């Protein structure tokens, strides 16, 4: 208890997060993605071993936007290898079409990383300042407000109004820290999922706290958009907070946040995706299911959860735990899942490609399968699939449901857990 | 003590805002009102003839370098005349012209200056200007130091213009302007006419920077289509190249007076609001409840326009059957 | 061509709930994110492009405390060769005339071919500093420039007027322009770019360094004095439609039909 | 008399055994499977002549089966090879066949009688057909004797087969079935050892070796090249009729370099034979199914042998479409599958509809090759294949008296394997003739 009290004191009278976190990180002279920094100046071809490229085309063949977009990773690698001047690459506007799903790297027979080369080209464009306005807005917002959505930092925690979700500012103490993420915090559709998750965690008696308004964007998309420096700044801000709190577990709403914490932060934060926590809580019988949810659902594997982090079973286990739910599988599921095109900064990029989007293809397939709902576990997937459902005119045929919302339906029949009793 | 009103004219025509300046000058009660009309040779006669009632004296200043209401020359000419005549107040418009000459005049005179003023008051302490800051989110009261002359520019549209005709014979003042002021007027250019004329539309659906993405224009387009309305926008959307300038509602764009004006994601900067505030019915959607647009709207909706507008489109379609 | 650009670091009030400080005359800045004044971004971009096109130098000037250096770093990252920040303890109450005086002093004996500033600042919106500075520097100016072209020792500018009109003027160099938004597409400035720009010189000068009499600044500062900030008058008091998106849509349709007569 | 051990009775081992035997050497030929012939026995035709595979192989297998100086031990593995004098003492583990090959007349009644008849996937047919727990791999198999699958047979796995005991035993007129046969160890003394352990095919389906995205094991339309041989073979499960389920394919797509030149799939090497093997199959398919569109998606075409380049041209002239691009994914599209690839010459990504997809799976070191190499005392290269002392003289290993032949050295085609078997035999004979040296 003594320790709890001391920590509580520490967390009262908070200074503005940017100052606090940045000063601390600067004092410790700690930089992130140091590896990238060290090898600056080394040609792309050398840095990414492009001499090993077979030009087989598996990266392009597997690229989720390959059928629609002029983006051709194979050709980019080839040009990076044979051209002395990088200018020809910097001219390539289609690098913005990359969803950073990493399928190309997964497919490459030589273990090369076309996705990283694309990111480097984006970085070159960023360093020249030649970027789409929408990306510029997102990046500048992330620097200024700590989120890419152009929303005030002071409103970050507004999604939880009246829910009694604890924050460290209030001095709450918990071993588990919920890293909420920008999109769940600000996007109205994703807020519903965040509120559902809050409801489940509380109903399951899972002690947790959040960083409230102090949380900053994890930087995942900023890094993938090629803005390394911004990623470092954001990572430092979060890192400083995480070091201070030293939670036992960090759980994230978004697989993108989880992936950033796990693979981009240095040292890594062993974050869990909420589906992993829900699977465990379900397995331990701690989720008080009270209602049948008679839905036939298909699970859409988010790339950053599945392909990139190998989390395939837990979301399915959490779905299976909901009474009444029948889970069926897409043909293209798990490591063969179809990217929704929401990653790699594509939330802020239209893309050059024409024709049907993957998300549309996905919802059509789901409708053909005769499922009632597509369940996913990523805010970007949730938004792209929701959009696609409307575009495809399937609003009446199909629901897009976040995993947390599905589980919450089994616990409480209100679609939005705003009815949660507020803590005094 | 006297009050000078700088008559603004362009291309041979007196601009409406001059009437507003005269009204303020009169109301100020700080002495007789002098209208000063500056321009190149032959450029001042027509504007001087159109001056509104309430003017006690008209002074015309003509000079080569004043051609095209050249701001550098205007400031230089006024500085010399004002230094001699010491008017208590030089009133101009916070217009493209006023923004060009007024502060330079003040600098030349070493005079206090307040720009973009909504209302000007005189009390024992001298002059007090009320103006807005932070894009209209707050209002500031600014005290002008006691000085022989103060320079003030008024926000166009903030006051009711004086009407009538001056019917005062104009004096001609010699312009003590250097022949070469370093700036030369070349020509007036008018924006080429576009495909649409938003000033003729009965219903306008107007978008602002609150849309984050050019693709999101479709949300507004859908609503416009459902309503049979025309799509217009605020300045930032044009700056970003997302819609052509002919669609811009604002001081530098078009002034509109439709029956219904629906503002989506428009914060309500004055340069926009001035150009649409007389619409018959104004409905605004904005996520910021403090957005100034709500102060000129008849109805407001606080919310995410991507959630609200598609619903609205749907409801409109249903209503139309 | 040697260029000077003048920038300001201002609060971003776009989505903020502005709170008036206890003195009644200031906004509680700790609540607000800051950024380079929007008009100045366009001025900076225009200056950088001119430098890239013509060679020469670009110097950036700013009045403000250390926290405002972010905007100067931006200038350096975009291509300024050096930056000058002017600050003095007495500055927080500076009016635009005093700002212009301090900037003119910072320019000092140096001579530039073209001086660029934003047409106005997003916070106080005076639009005064540019022409005032031109007078102090003794150069011709043009305000609200939305197009700029260099032609043998002169510049041809289009000034943006009202209602779709423009005015084309010629300025003899040296000259000053105040830049309207939309003149160009400002580039993105990356964090790495800003970090790299750390090696470029950034001078900090006080009034004493500039040889300016503090009393003069004080006098100019007193020409216009902010007495009070207050919330704006309520205006028309829009009737707010509330409820779920579907509900407000229904209410809005009723309004459009009954009051607007369009349905 | 001198004696040699040959490990592995594929085409290379058989060739080495016959050459040695013909030269008067007594040969112990051990084979892990219950028949000789190795993978070649599965092939339909060989390139570039389109000769039938069995026409080449069968004379050799029958000869090796009846040669007086060849002692053939099937289901046998090498346990140890100790130096003894100038030769070796070799310990062999002989696993039971449960059928006496001398007695068995290969009448097939046992298999008909088996309770599991029609339920056990046939290994020889790579799972494309089902047989009994007692089976004969193929009609011309040597030895021409049935063998019991110990992992399947009810009697052997559960200790009892039905109420009335094993039916096969009852059905056998000649009493050849010995379900109580035990494993035995045998020691032989030999003067030279030839290792011809062969290869195994890359398994494209499982997560262990990667490439689950190609849908092997998930879609019936997706088969390996060796399975394709069985489908083409007149003695194969479909009698040589190519079909997927009930359907005759009209769009057939070959995917080259599956598990070859693929570090992430565990093999950086080129498998050398697949280009020509696919070209051969494609050509045969064009001839068998003139209405079918046959496309080969390649990364590089390696047609280096005598007559190979000409064969490629022949296939293309016959209507085989050859496109450059290594496919990334196969997925379901209605009742077919779609192959997603980039045509790298066009720079365009396409989806090719297919109702038969042939994966040109690469050649890998045989199961347990590393352990065998350790037992025999020869080196293994970074690619997992056996390493000769000097790559310019591949038949000779670093251990004196031990020689190497066939695809255990690395991927090679049939002519090369035959030559390699003869080379190893020749090198061994030189040693045996002079008593020392190599």
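As written, the chains take the letters A, B, C and D, and residue 1 is the first residue of each chain.
Keep this in mind: a residue touches a chain if its C-beta (ideal position, glycine included) is under 8 Å from a C-beta of that chain, and two chains touch if they have at least 3 such contacts.
Keep in mind that what you see is a predicted model, and the values were worked out from it rather than measured.
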Check your understanding: Which one of the chains is closest to the middle, using the mean of its C-alpha atoms?
Key -> A
Study note, to complete from the structure: In whole angstrom, the CA-centroid distance of subunit B from subunit C equals 19
Point to revise | Distance from subunit D to subunit B - Cα centre to Cα centre, in angstrom | key: 88
Check your understanding: Can you give the whole-Å distance between the Cα centres of subunit A and subunit D?
Key -> 47
Exercise for review: Mind pulling the residue numbers of subunit A that touch at least two other chains?
Suggested key: 133, 150
Point to revise | Contacts with two or more other chains, residues of subunit B listed in rising order | key: 307, 310
Exercise for review: Name the residues of subunit C that each touch 2 or more other chains.
Suggested key: 14-15, 17, 185
Study note, to complete from the structure: Pairs of chains in contact here are A-B, A-C, A-D, B-C
**Study point:** In the complex with subunit B, residue positions of subunit C that touch it
**Key:** 11, 13-15, 17-18, 20, 27, 96-97, 100, 119-120, 122-132, 134-136, 139-144, 156, 158-172, 175, 178, 181-182, 185, 222-242, 245-246, 248-250, 252-253, 255-257, 259-263
Point to revise | Contact footprint of subunit A on subunit D as seen in their complex | key: 212-213, 257, 261-265, 299, 324-329, 331-332, 340-344, 347, 349-351
Practice item. Could you please specify the touching residues of subunit B with respect to subunit A in the complex? Key: 212-215, 240, 304, 307, 310
Check your understanding: Along subunit A, where are the residues that touch subunit C in the complex?
Key -> 16, 126-131, 133, 135-136, 139-140, 143-145, 150-155, 227-230, 232-233
Study note, to complete from the structure: Given the complex, residues on subunit A that touch subunit D span 54-63, 66-67, 72, 74-75, 103, 107-111, 331-332, 335-336
